[in-house]
Amino acid sequence: MSNGGGQVHGIFGRLPGRILRLVSVVFGVCLLTFVLINALPGNVATAVLGDQATPEQVAALTAQLGLDEPIPQRFLNWLGGVFQGDLGSSLVNNQPVWDAVAQRIPVTLELVALALLFAIAAAVPAAVLAVRKPGGVLDRVLGGVSFSFLATPSFLLGLVLILVFAIELRWFPVSGWVPFAQDPIGNLETAFLPALTLAATPFAYFSRLLRADMAEQLTREDYVTTARAKGVPRRAILFRHVLRNSIFPMMTMVGLTTSLLVGGSVVVESIFGVPGIGLLLIQSITSRDVPVVLGVVVFIAAAVVIVNLIIDMLYGVVDPRIRHDHADA
Amino acid sequence: MSTPIPATLDPVSVVTPPALELTELRVQVGDASIVNGVSLSVPPGKMLALVGESGAGKSMTAKAAMGLLPRGGRITGGSIRIGGREVSALTENEWRRVRGSEIGMVFQNPLRSLNPTMKIGTQLAEAIRLHSQDLSSAQVKARSLELLDQVQIPNAPRRYEEYPHQLSGGMRQRIVIAIALSCKPRVLLADEPTTALDVTTQAEILRLLGDLQHSHRTAIVLVTHDIRIAEDHADRVAVMYAGRVVEDGPVSAVINHPRMPYTRALMTAVPQPDSPPHSMLPVIDGRPPDLRSLPVGCAFAPRCRFATDTCTSADPELEGTADHAFRCWHPLTEGGPDVHE
Amino acid sequence: MRVRLAATMLVAAALMLAGCSGGSGSGAEETPTGDPVAGGETTIVVSGRSWAHLDVAVPAVTPIKPLLNAVYDGLLRLTPDGEIVPWLAASYEASDDRLSWTLELQPDVVFTDGTPFNAEAVKFNLERQIDPDQRAGEGGNLPRDITVTAVDELTVLIGLTEPDESLPSALATTAVGLMASPTAVEKWGGEYGLHPVGTGPFMLESQVVGQEAKLVKNPDYWVKGLPYLDRVTYRALGSADSALQTLRSGGADVMDFVAPQQADAAKGDATLTLVERPALSVNEILLNTTKPPFDDVRARRALGYAIDQESLAKSLFFGYVNPTQSPIGSGSWAWSGETVDGYPAFDLDEAKKLVEEIGGLSFSVKVSNTPDYLQQMAAVQAQLAKAGIEMEIDAVEPSQKIADVFSRNYEAGQFIIPGLPDPDNYVRPFFDSTAGANPSGLQDPDLDALFAQGRTTAGVDARAEIYKQAFERMAEVTPVVYLSDMPVMRLQNQRIQGIEYLTTDVFYLENAWVGGQ
Amino acid sequence: MITLTPETRSLALPPPARRIRPRWRIGQAQVAAAVLIAMAIACFIVPLVVPLPPPSGGDLAEARLPPLTPGHPLGTDALGNDMLSRSLYGGRVSFIVGVGATLIGLVVGGFLGMLAGYKGGWIERVLGWLFDVLLAFPALILALTIAAYLGPSLQNEIYAVSIFLIPATARIARASTMSARKEEFIVAARLAGVRESTILRRHIIPNISSPLLTFAILQCGTAMIIEATLSFLGLGIRPPAPSWGNMMASGQQSLADAPWMVLVPGAFLFITICALNLLGESLRQARDER
């Protein structure tokens, strides 16, 4: 995920390099997960067999699942399967990992996307208001709010939001999930509170970053003075000139927070009963369902790396300096 | 309080008020008084060079004239009149209608004066559309291309669609000038416009300013620390030191018959083409005063050869003819020693 | 023919009985106001428990029975009063020597995938339960060596090697009695648990395994006119508080498996009704009698004396539970009363005396790592400390706890065994050395004899007397000490009515309907 | 000597506004540091000095008492344990996990980052790849997996949480090492043949220590939040041993009717992390303005 710096040439020139990097990172994640799960204590068979397990049955299942083979061997088998698109199936209910994950990833991605949207939609105006009078009341209030969000665990925030918005005000349902395809409005209603809970931390990061970046531009960049000399009104300067240049640090931050959000959604999904990937991971970890844990982790890592790859590409598209690098400047 | 200098009896100025007139302007930033009673007047179509070391307050004077004082800066005295209209007490909204239409500004560092992520055309069109909402976008584009031609930018339609990083420093400074002149302002403030450019581009830009001055009858205030630029291009010269004008007069008079020792020192500190090779560059020793605690009397006294007790005890008044004034107890006499021994 | 007619009448009567009176239980919460209205949908929420699949013959750590009983029908059924009545099996009769049982099946019953429900299907299901490879979760409730023969299209004969009076209870209250469609089982094989097909009132429309199951009405359910509801959504949540708030906010009509804490939190809310049933399961600490320190009966009895069930019930469980001295709750016919002679009830001095006698007692208890269980063990730890007993809490995943305890790799383990009315189902396998996994490792011939006798003696009263003696014997030998009984509690709002709540963790939904508002 | 080098006006004059602001910020840092020290003293020293009821083993009869009941200023939890003493003892765990994990992150991450930044070449590529892998792996899930399998001891929790901090710290270390490496005095030292280890020790480490330190302080807060989240998911320190995280986790079940059981530990955590963030932020801004 190194940023788009370094030697600059056409945005598509760097694609093969980036794809190779993506594959190597996802491979690294698979290796790390596999070692992590198999080298650690806890026997899958007993967990799956439950209370009627007799030693012979445990041994039979262990052999059937190939759990007695050395770890490298099992990793290669698993990897072989991955290349044929077969992630194996759950030990608990034989559901192909692919179905279980494919059914839930869109929910988590929607939640993360909504959370990012909320965070950005709130951070931009907040930062603009704060930066109009650096050190002013609004600036301190924004600082205070961001710090308090960073200091509150998301599960506490979630429960408090339930108490306020779902119970007292009855604006939103407490839990449950309506798929977007089925009923978009219902979907947004059920997704609102979880996304809001998830959006707290990124909001804090984004607003701090934006405020600092805009404040610096206002004091240090000459094109702001040019704009003022043109008679451009202050609000237009902030939105049309300064915000435009804050996009880049923001994009990097969005990349960084995506992996944070996917991790954070685990908690939010369990409180609001959202059928996302996070909860599947917790259930599969507690029931030692190795193939599902692996499948989920690979999906999450791939999603995070792809998001950052897209952001890298976007740098080229959004930043004219990169897009038109052949100029004679 | 020195008497304001009556405008010179130029037939044109009698009818129309000076494009820019500062009288006893005082500006403070925090507890430092940067500008201590500056009076200047620039008739339309004329160029005044404001010369002085950095920290002399010349740039702050220009910013004050544009209402672009930094945070914590405020006008504490005197008046600013643009085209006869008093502007020192305008509100931000009122200033916005003046900036760009009545008065324009060009800055020192062309590489950073244009928004890197915006096309040249957009930044130019924005300036035009700001002060004349009635134009259609086609008319605005036409006007922009016309401006680009006026500032001698080759192949304007292609440049219109390009980004700042695709242009050279000189080219970008031309764009900034085009922006500043987009709404035919009365006054153009050029704050060290060529300092960051190489010598050849410097000459082109200054010549461009001269042409625009005459073609648009715009009054130009050229802020610079290099007195030689003033000699070649300006009609009048005002030398500033420690926030005050210490000598003001037509170029020929000030350059050839400087009366204030500091002006002479400024000129000799510049390498002359005909001075012998490897000759030591004459230097004015000492450093500009701290503007938070100005010394009594003439601010230049501590660094002046001719300083006497009177210089350090009483503040010299502006004296001399209406056309060529200076502020010094011991003005240099005609034919006096040119070079300090 | 006559028998079948009578059976259908009996079934109808049972339904009417269940539908109107709604069984015992305090409060007038279930007397339905007005006639049932067809249509509408409901949502049921639960917290702290989830399902991995809906296959009746595969082990499941914490199965959710209401979900199973919505999709599948049982051969027999339990009524809210604890009575076993015919269901898919219109009638059931034991031979004189009690060695064979004849089941007459309901006619014209079809699985939701079109497969006819007949003797062949019953044979397939029962044999699947006892198939060693299948490793059925509750298969242990059927004798290993039963034989099943399909006499004719609608008659099944079950042969036993020795009498098993708990068979009807097994078929009525455990998963072995639930009938799955043979075609579906063969078609899906290992994945059948994700595509359950039964004859029940509802069919599985879609699910996110372990989180949300959406059930839709079975249009040609064999009991005409039922079910009333069109759709049922069953949702598992990670936090008990958010489950309760969902119910309060109207996002759900029923909250299943309500913990005492939530029951207490909801008591002020007039719109919610707490459905209480006499307890069947018991909150207990199982002791491994094969290893120190609990190979010494004095150590086991010291534990009993040191646990003050009264104060646990009052302050930790808000008075919703009762102290108990027997391994089965008061909801069962085999319950022998509040006190059982010989049980070491709370007596701190006695506990201290015993601890001194054996020279100190310290051990570790395996507990499921959820906040509520951990809290209970912390409370017990504090009480035991007063008697000089040192208990260390070893919190593990539920599946890990079960695996450790059943392979006797433990000293003490906290359990709340899913309560069933017949002690033969879930008490005997834990303590009878001749049967089941016997995790306590108890080798007590007298107790084994009593359990065997209990299983083979006909007649409820006779069996009750035998189990009374068995519980007294257990009280003396103390392989287990009790914290309290554990009734299954549910919360529901006024919108839904007609749900049949049982003493076990099951409730039937075909009679449920949602009122106007 | 007339300074002829072209200086833009804004730099020539030190605008007074900029001079005032740092003083206000440094005040902020002192307040934050004071709060942190007070909290640390409260958690580690007060329980030894002031006779407080034991954090666990409380009497059930006194369960669920609201704050300000006599004898229990902050009330009691579901088992009758005094909330104040539990919060203080619990604070120790959160501090230990927070500081411990951050230290590991600082040392391991810092070293790896410095190595990658200084050495460059294939070492940087390999380490860079490793950092990307760890960053691509959502940290909470990584911590979850480790805590779930290693079991709930304090030490395991520190490892679980530190995994999260290592890649982030390493990136900062690499960036500041690379910029420090370009400084003339480092190039000069290398040319003079000074041994690499001394260069690292004497030049690089002091240079990158201040950005790393301020970053570490900010990470400390994040580590405490992760500890609380792990406890909520049932994988943190086991009750009866108190930690702010598991107190909140067990308290959240009765948020509606006994909110103080969650809000008291929540407040302690909130104040500590706010102070940490404030301290980190002020140090960072003070450093930026230098």
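Just so it is clear, A, B, C and D label the chains in written order, and each chain counts residues from 1 on its own.
To be clear about the criterion, a residue touches a chain if its C-beta (ideal position, glycine included) is under 8 Å from a C-beta of that chain, and two chains touch if they have at least 3 such contacts.
This one's a predicted model, so the numbers in the text were calculated from it and none came from an experiment.
Novice: Counting C-beta pairs in contact, which chain pair has more, A-C or C-D?
Specialist: A-C
Novice: Indicate, using Cα centroids, the chain positioned nearest the centre of all protein chains shown.
Specialist: Closest chain centre to the overall C-alpha centroid: A.
Novice: When the C-alpha atoms of subunit A and subunit C are each averaged to a single point, how far apart are the two points in Å?
Specialist: Taking the average C-alpha coordinate of subunit A and of subunit C, the gap between them is 41 Å.
Novice: Measuring from the mean C-alpha position of subunit B to the mean C-alpha position of subunit D, what distance in angstrom results?
Specialist: 53
Novice: Counting only Cα atoms for the centres, state how far subunit C is from subunit D in Å.
Specialist: Spacing between the chain centres: roughly 47 Å.
Novice: What whole-Å value do you get for the distance between subunit B and subunit C if each is reduced to the mean of its CA atoms?
Specialist: Subunit B and subunit C have C-alpha centres separated by 93 Å.
Novice: What are the residue numbers in subunit B that touch two or more other chains?
Specialist: In subunit B, the residues touching two or more other chains are 109.
Novice: Using the touch definition from the top, which residues of subunit A touch two or more other chains?
Specialist: 42, 155, 159, 163, 167, 222, 270, 282, 286
Novice: Among the residues of subunit C, which are close enough to touch at least two other chains?
Specialist: Expected reply: 239, 241, 245, 397.
Novice: Across the complex, what residues on subunit C touch subunit D?
Specialist: These residues of subunit C touch subunit D: 239-241, 244-245, 259, 261-262, 264-265, 311-312, 314-316, 369-372, 374-375, 378-379, 381-383, 385, 393, 395, 397.
Novice: Give every residue of subunit C touching subunit A within the complex, in rising order.
Specialist: That would be residues 43, 45, 50, 52-53, 55, 58-61, 135-137, 139-140, 189-191, 193-194, 208-212, 233, 235-239, 241-243, 245-246, 248-251, 397-400, 402-403, 405-407, 437 of subunit C.
Novice: Could you pull out which subunit A residues touch subunit C in their complex?
Specialist: Going by the criterion above, the answer is residues 42-43, 46-55, 57, 89-90, 92-96, 100, 103-104, 155, 158-159, 162-163, 166-167, 170, 173-177, 269-273, 275, 279-280, 282-283, 286-288.
Novice: Can you check the complex and tell me which residues of subunit A touch subunit B?
Specialist: 221-223, 225-234, 240-241, 244-245, 247, 318-321, 324, 327-329
Novice: Taking the complex as given, what residues does subunit D use to touch subunit C?
Specialist: Subunit D reaches subunit C through residues 56-61, 63-64, 78-80, 148, 152, 234-235, 238-240, 246, 249-250, 252-257.
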